[in-house]
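Before anything else, here is the set of structures, which you'll find just below.
Shared between the two complexes below is subunit A, which has subunit B as its partner in the first and subunit C in the second.
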Partner chain A sequence: MKKATVVWAILLAIFFVMGVGFPVWGADEIKIGVIGPMQFTQGEGHWNGATLAAEEINAKGGVQVENAWLPIKLVKVDSNEFLSIPDATNAIELAISRHDVDFLVGGFRTEAVLVMQDIAMDNKKIFMGCGAAHPKLCERVKEDYDTYKYWFRITPINSRYLVKVDFILLGMVAKIMAQQLNIPKVKVAIVAEKAVWADPIVGIAQKNLPKMGMEVVGVWRPSPVATDVTAELSAMQRSGAHIIFTTFSSSVGITFAKQWGELKVPAAAVGINVEAQKDGFWAATGGKGNYTLTINTYARVKITDTTIPFYDKYKKRFKEAPNYTAGTYDAIHMLVDAIERADSLDPDKVVPELEKTDKMDTAGHFVFDETHDVKWGPGFVTALGTQWQDGKNVCVWPLNWKGITYEGAVPYVVPPWVVEAYKK
Partner chain B sequence: MIQNIIINGLINGSIYALLAIGFSLIFGVARIVNIAHTAFYMLAAYFIYVGFGYLGLSPYVAMPLAVLAVGLFAVICYKLFIDPIREHEAAVLIATIALAMVIQEALLIGFGGHYLGVPPLIKGYAEIVGVKVTYQHLLALAVALLALFGSWLFLMKTKPGLALRSTAQDREVANLMGINEARVAMLTMGISAMIAAIAGAIVVPLFVLDPHMWMHPLIMMLAIVVLGGLGSMKGSFVGAYIMAFAEVLVVFLVPMGSFLKGSVALSIMILVLLIRPEGLFGIAFEEER
Partner chain C sequence: MGLLGFYLRKAYTLFKNQILVLPSRTAVLLFALALVCLPLFTRDPYLLRILIFTAIFAILAASWDLLSGFTGQMNFGHALFFGVGAYCTALLNLRLDFPPWISIPIGALGAVLTGLIVGIPCLRLRGTYLALTTLAFPIILMGVVFAIPDITGGELGISGIQRLSHSRVTDYYITTGLLLILGFVMWKITDSKTGILFHAIREDEVAVRASGINTTRYKLYAFCLSGFFAGIAGGLYAHIMRTAGPSTLEVALSFQIVIWAVFGGIVSIYGPVAGVFILYPLLEFLRILPKVRMLVFAFIVLLTLLYMPEGLIPWIRDHIEKECPRCKIRNVAFRKECRVCTARLD
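Moving on to the complex of A and B:
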């Protein structure tokens, strides 16, 4: 009897060690938790991008690991992070402890992702960030590599690079307006929603625009959820601005564009307007957002060979263009490549393979820097400048930028009423 | 700049007034603090969106239908959730908060968190004393003023209006005089919701629809009602314009602080209350029934 107990104990110990030490053994699928605000566009983008990637990989037989072909199973995790950060932490805990996911992709709000990142790292789960732009998320990898090495950012480019692109777009429009309309000194009105992420952009703009040969005529900071900005627009028009430099991520971006177009304010709108990245922008503004220019990730241009096929497939399937959180598509493909190279699901073996990523994917050429952040610049991921032109969100940048022009990009168009106002 | 302030203040004030007057009406008549009031406003906006976007109705048909539907919905909600607990004012307050949350969550499930819009009924803009104003804003101003006038006419010149006013003055005496107070309360609920729905119909082409759009106007409306004096229609009317002008002034005078426009308006409310706790046109608390 005593002997039998000992045998059972040894067997149990062996099973325990096998279960912990060899994650692939016995696994019949790879569970990837797709975490995001699923009731909102950003979460839908996460889920849709991941769905396409999983379907493609499963159609080819799955992922080859240790002589087995494992299908991908996606687990939808609603973080509700738009409304509640505690909900996001509960959601990721649930994904890890109850759904027992092997990997995580997604996340949107930096405040929420910082917390979710900690939970994922504590559990040694590889987390492919596809939504939050704050540099801190990746700086943590450098500060404490052993803890945070399981984190990688795929999309968007970090906010420092976003600001660079933002100013490149502003400079491009200022140059076009100066040349086309003979404006000796371009005047710029800065309008940014009152949010922490927008504060540095406003500061940099106030400091840098005079150095760029432009004059700042005023700064307006409406609430991110303002429902009426006609007073602000009237004030901007009075200021004599030629360009309105926008920094919006919330619904005020639609309100602004709708009323800007309706009032035909004689100033071009350029900058960040997250709502203008979405297909629904045209309908939401009733077409009044025409000529709005914003930073973007996807448009129907040939960034790489896979961009247009992905864009078309996504649009056909989900009846809308992919937004930047649909970068889960690239994330899952990259992750699968790394798993196959590592021939293991062990995160400590997959991480070094992910670090070696050098891949042309839908949003550009992906290479990670030492902080596990996606590299930005000519030859890497650049992001795009897209402008609404008569119902289509077309790529207007890069166009002859440091030798880069994406096939399908078209020139920027100054809004006709602006041309009319300044034509001499 | 003064022209801008006057025109923008008038337009915003009229929309706020429409919301606040409906809220004051139901509070004055039935002593119901209806937190779901702006949720009815939101519901009307979504009904119009569905009627116009999905059912292909003309906005001129969708808007009155939405106003009627919201009125009917409010009456049903009153019968189901408020009437059984009407004697407990705190419970009624909580019930209306719950109702508003249910409406919000239902819209979130139905439409997601997407920002939606409805095109303006009249496109383009007019220049009034050098200020660009969209025709839709002018239409909103006209409809708001008409609705406010219509409400005044209804209350002052009709028999049901008289019943409403007498119930507002003294429920018990009105009951003794043969006025069915319970029915008046239900009717008031429907009318106030319809006034909120008219505000929703006016703003739907101007604003962005999302399932949380009821919250900001709720705060402003409560501030206006407290500023004007709880239950005072005249107070709500005047308070709405004070708040709207305060907001517009902030945008023009402190552009960097335009996000503060709500806070400044609320600060004015607090200031008025410190000087005159019953609000501008309210009944002093100690004299209240």
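Moving on to the complex of A and C:
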């Protein structure tokens, strides 16, 4: 009897040690914290993208780790980072210490993500950034690899590349207008909302446009929440601008596009207009935002084989097109691939596998550089240029750009009233 | 040995006659003891993080009370001192390698200087005009932050600052310890001759000036003192967050400080501290209602202030203690006679 008790005690001790020493044996699910401003559209994008990915993976039986199939469980974490940075840090601490998440995806406001990144790294949690574009986040990986190696950026592309795409789109439109309308020297009006993030773009534009063979006719800086920009539009019209180079992230993007269409200002609108990335843009401008061109991440275009199925599924399920924070979908798929290759949940084993990522996902061909930033360029992730054409936000770039054309992309259309005004 | 016994007896008598006689003081003692003992029972990093922030913001709210509650200099831009403290501390730590125990007090001196700079143009202003002017200062400084990104880090702020300490529990003891010490210092200031003059300036500045007191000097003194304590809070925040960004200067933070202080009860120092210790963890707790979190929070604050216009803590204090009509000493509510002058309390 006594002997049997001893045997039982040894067995129990062995099971206990196995449970503690090899967490995956004790784990019955993989917890992924989806962190973002959940009361805002950006956070919704995070959650929706992650939900679709988790459902797909779970439907296939889960993630295979050490001969076990583990389902994914998502934990929704509201960072409230637009309103409070301490709130964001509390949220990530909550996710790590209370919800005991294994991995993290999301983040949006760079100032908050920098702090959240520190907390995730302290806890050796892999954090897949899906929202903040600032290069600083990835530069930290290079500066202190051992500490920051658990950070990877999936979406959007680095802000330096975003600016590059912005100017590529401007160059494309300028070329088309010069050819179609016989304009010898294209004149550009720069309009950017009065916000700090837009300042460098304005500066670069003023410096670079003359080098690109264009003439800058003026700079206008309306309030990000302006409800009337007719004065600015009239001034732009008088300046003789052929193109209006836009930099908007706030509601002024709608006001501008609507009044631009109403006044039929004879200048094509191209650049960044975050409102124009959304499905509701057409209704919000009453269709007057037709022909607006903006940088985008998703459109119903075949970037890879998975883009259109994802786009359709997302739209069917959430009644809107995915925004770039829905890149959590790609992030989770990439993470799962790396876990399966590493055959472990140990972050130190998953990181080298993530570094080897070479995968065609919904936003393009994902490969990470040495700073764990997603590579940009032909053959990698490129971002898109999308234009509203009669109620549809269609992809117009890349189209024959360095050998890249996405199936479903259509040529850019110069607004008819602009053609009318300049056609000789 | 005999001397030690004398002092121990004296301390016991003081403890019995000065602290245990009043429920409010006993509650403060228990609160301090609970804070000190908490890590003995739990070391949950999430809980400790919340309490660290609570302690930092409690110092900030109490410093606002010192200026706006006691002296009546209504400051709607208190985040200015917090932000200056945070930025100065961050720069000293990052550029000059000053350790936190040096960078924080020197950073706070930066906030004192700011208090002086803000105080001087505000001397002639009162009420709404003063409030609006103070509101403008953090906005101006935010403009400066964005204008010189090479120094301030622009919209990202300054990151990579040294940790306050290498363990969460030590961070907790540093912040809560400083709260208890600085809270006590602030309370003693308000109880001193200077504190009485702050009171008097708020009640009737002309009368104080007519008594031959240089009110200008005292008002500037209040701005500088308040700036110092808020600057310490800012410095602690920078080392805990390891970043000092524009969010430390946001208007929303300035208003949050006012909400915390008014909710707890102004002109008391401990009221704003209690306000933060109730409201900050409450907001965290309300994460269980993500959709209506801010709504419920606002509703609770509104309801409390509707029924307790002087703040929660004065309301509770007035229900458990009463003031002697003759000598103005406070007594526990169930006493029939004053503990000092034996006057009837009913």
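Assume the second predicted complex is superposed on the first by the 401 of 424 C-alpha atoms of A that agree within 3 Å, B and C clash if a C-alpha of one lies under 4 Å from a C-alpha of the other, contacts with A are read in each partner's own complex, and residues count from 1 in each chain.
Rule of thumb we're sticking to: a contact is a pair of C-beta atoms (placed from the backbone, for glycine too) under 8 Å apart; a residue touches a chain by one contact, two chains touch by 3 or more.
In this text, all values refer to a predicted model and were calculated from it rather than measured experimentally.
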First (subunit B), second (subunit C), both or neither touched by A:L94: second
Touching partner for A:A342 - first (subunit B), second (subunit C), both, neither: neither
If touched residues of subunit A are counted for subunit B and for subunit C, the larger one: B
Which superposed partner A:I243 touches (first subunit B, second subunit C, both, neither): neither
First (subunit B), second (subunit C), both or neither touched by A:Q39: both
First, second, both or neither for A:T227, with subunit B first and subunit C second: first
Partner chain in contact with A:W197 - subunit B first, subunit C second, else both or neither: second
First, second, both or neither for A:D78, with subunit B first and subunit C second: second
Which of subunit B and subunit C A:A235 touches, first, second, both or neither: first
Residues on subunit A lying within both footprints (that of subunit B and that of subunit C): 39
List of subunit A residues in touch with subunit B within their complex: 37, 39-41, 44, 82, 193-194, 218-223, 225-228, 230-232, 234-235, 237-238, 251, 254-255, 258-259, 262-265, 275, 280, 283-287
In the complex, subunit C residues that touch subunit A: 44-46, 49-50, 53, 146, 154-157, 159, 241-243, 245-247, 252, 283-284, 287, 290-291, 293
Complex contacts: residues of subunit A adjacent to subunit C: 38-39, 76, 78, 83-87, 89-91, 93-94, 96-98, 110-111, 114-115, 118, 134, 136, 196-197, 199
Subunit B to subunit A touching residues, read off their complex: 1, 4-5, 8, 11-12, 108-109, 112-120, 123-125, 131-134, 136-137, 203, 205-208, 210, 212-213, 216-217, 247-248, 251-252, 255-259, 261-262
